[in-house]
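All remarks here apply to the structure that follows.
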């Protein structure tokens, strides 16, 4: 059953240089207990997508489409109703734990905040819960650590705090934005395992550019390029049988898969041309690609691709 | 858009004041020093703003007063900004022990109140405008140099400074060619605000009776009107014009400064993954 | 080409109480002409410091760097400056490696103006030539860094560095802020340029896979020390040190309880890796291990070998 | 770490005061000419013997190093010299006048900090709205007009035309008979306090607004929202404390501005505090008194600074491990 269903989601916001079309017509389904990996490179709009689900973008952002969570369209809720969902129903792990934790508040208090707010616990009960959460993310001597400040934690430990904070109110859905970026490799694997463990009974949207991490955690993977999804499939299928030229190129450019680059660079999200967005970098490009914008087509078995090679309708 | 307009207005007013200052002799109907008429005259056909207690033409004095104020602001700002830029750049660029020493020294200098010190010193100095404005500049560079230092420091963290050094460029070259152009906008903004500050202070000194007696300045005019009873007698044409002039000038400088500042402040960054 | 002897760099802070941080703690190695040495390690292990020490952009606490037979520590400032064109550095964030107020053409021309006497037309020609070499068009010449992408800016940085025909380059994580599809472009370009210019490269990275592709030899660093060094194949295929193995096939090793970047040793005597080592024995905490040559040219810093 | 931090701060405060003393000393001794001519020009001309006596009494015939130590000793023992104008020890008259200055300085410092910070935080949080921009413009306007001009204008409007407040002084004539009455003093103090507060608010407001603008964009603010916190709690619990950090130093720097402002305002309102004392000392060229005033101003600022440094201990956890100390 679908837990979160994005339909024709568009997120645009004005800047001095023009309107940034960060997210353009995205349809995405997250099932109950499903883990979807959202893969994309810098500036493809994946963080904006995550924030727009939580409605945490600046007020001048224009969001269109539907964003249905448990039968309710989040975009139509009042700010107060939305606030009650944040942290409680849907929790978010923001990018970069160093800047995402408040430097002048104790780690324990930052976690307790959400617990007290959503679960109405008193100070002592909340504190117990905090220690429990810190222990759940395997932070050693949690009682002591709860009273420390973020700068006393290492990068990996801060990431654990972010996870504990997200888990604090037992949310149904977690949106994790690049939780492994910037971590050293030995620590990264620990975080990935931890995330896998704590999301066993939950749904998750895992936003990352790290394919290995996504492969470890997610059942399905959505590949995003220049503000739209270009491929969506089971994790295995993405790795073994990528169909979109971008996905293929992306995989091949990984250092452990041959380091074969894709030529050119990602387009800017301002003033995107018609036609296929990957067209200028694509080796399979044809004349039609320049004019016709391809639609998502299903190749069977839950494998969707946005490419004219397959879109022969 | 709005800021561009305020900037233009501010600049226009400033230019007008400068023209008044430069061409004062051509604009004044009377010699501002000369005692021509009966004292304490009300505004009339001959004297737009009447005459003061000595019988000098207030309007002419007002026009001449522009010079002193603008000069004090400009010279004071020039001195303090030059010293501040130099010290701040050296401190931020070299870092290490030099920086630590300079930073500590500035911390300490900043706790010494400049204006009371200026008053103490003014007892010894024969009041002359150039001396006073240079002295104000010398006393006032510390806070500014701290701002420049932190800017240079964050610039030095950018690797382009490192890579030019790795290329074998000399330090003075790097400072002149790579650091200065990058801090210049900040320097300009601070210059404008410093000039405003020194103008107000210059007029303030005049008001306290510490101005250059050989120059006409608005502060002395206010002081004169205030102490000679212009206030109690309700002679607004004597008291108001110099005060309004400094207020008007200061607002103009403010407009320029804040519009500049808006321009150089890093825009709030938008989030695109 | 490069010889490093027992290099140390300690940073100290604090006025009443001195806190000393051993960023680089007794490192020695040799680099042959034309070779690429990959220096791998986690953030804060001191690898960036080594890069800067090698070019004497930082003064070491002790130890020697010998560059092509010249002891850098003995040089006067002016002598060192004259040597600068022969050794260059490339940094992690390409956008910050270029002066935002200079055009691309000016940035590339700068080293030439500093060191080579050239006429205007000759200079222009050379700049275009360099630009083409790194795969950019003449249309980029009059742009500013913010108008270019990260990958393009890194190309500009390469052009600028190569303008002086250096012998030795320290590349400090040149691709880690780039996207993978662009990273591959830059790495490939680097390989080509390396051959063309017969460069000796110290390639600093935290990404083993990247280093595997680009290096002839690898040195693995942990907390200011090189724990393993040898040919790429040997180190990555038959790694001996437990830390190297943890990097290659991430087994779970305990996270350091200490702060990142804070290099205070847990135990002044023992092995640096002792607190996290799955094979640690009692003795490891007491005695500092010594570098052992397990095979020819393959060194490991571990007592258990 | 606490101890190291406090000791360090104390040391710097002490050093600052020490340097101020050295400045006053060197002003006295390094200025060109015989400084007795500055101090007591008539005395020096008319009566050379008296001026000799004077030199001797003040130890001015001793070697300069010795004088320096004597001077420092004197300053730390409360002997700040003698006011020619009032014929009393400098410290005595200063401490009398300080009381009156504090009556207007303390309330206006408190008020302007509270109002400035509140407004800065409020509008920095909602920056870009119409209200924010108009408040900003009003503040720029207030700031641009010098304090002495505000004082004159306010007296004109509230004292002269509306007759709501006295034109100056600190007590009414009736007090000569009835004795000093607190309400009467308060009535006199309101306008100077108001003026000083008005002139000090914009500076603090502007700094706080900028600090808030930077804080609003921080990631941890988004984290707080993502937790589902109410907007006012995000502001109160997360933004305010962080935005306040850089403010503490700034506020103490503003103190110097306020002291300067009070010199003008007291003069115009004839308020019998340090400011008016300064004005009179300048008129009478009472050097020792001016030096004393300078030292006391330094001392006020140093103390304010020290308090600010200590308050960082409570508000900035990073100091405890000595990172930003």
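Labels A, B, C and D are assigned to the chains in the order they are written; within every chain, residues are numbered from 1.
What we mean here is this: a residue touches a chain if its C-beta (ideal position, glycine included) is under 8 Å from a C-beta of that chain, and two chains touch if they have at least 3 such contacts.
Everything numeric here is computed off the predicted structure, so don't read it as measured data.
Taking the definition of touch as given, a chain qualifies here only if it contacts chain A and chain B alike; those chains are C, D.
Counting C-beta pairs in contact, the pair that comes out ahead of the other among B-D and A-C is B-D. Chain B and chain D have CA centres that are 21 Å apart. Centre to centre, using the average C-alpha position, chain A and chain C are separated by 33 Å.
Rounded to a whole number, the gap between the C-alpha centres of chain B and chain C is 49 angstrom. Each chain gets one centre point, the mean of its Cα atoms, and the points for chain C and chain D are 53 Å apart.
Residue positions of chain A touching 2 or more other chains: 42, 51, 152. The set of chain B residues that touch two or more partner chains is empty. Listing the residues of chain B that touch chain C in their complex gives 157-160, 162-170, 173, 178, 181-182. On chain D, the positions that touch chain A within their shared complex are 218-220, 222-230, 237-238, 241-242, 245, 315-318, 321, 323. Residues 41-42, 140, 152-157, 182, 184-190, 193, 209, 249-250, 253-256, 259-263, 265-266 of chain A are the ones touching chain C in the complex. Those residues of chain D that touch chain B in the complex are listed here as 12-13, 15-16, 19-20, 23-24, 27, 31, 38, 133, 140-141, 143-146, 148-149, 152-153, 156, 160, 213, 216-217, 253, 256, 259-260, 263-264, 267-268, 278-279, 282-283, 285, 287, 290-291, 293-294, 297-298, 301-302, 305. Remark: chain C residues 55, 57, 81-85, 87-93, 96-101, 110-111, 114-115, 157, 160-161, 164 touch chain B in the complex.
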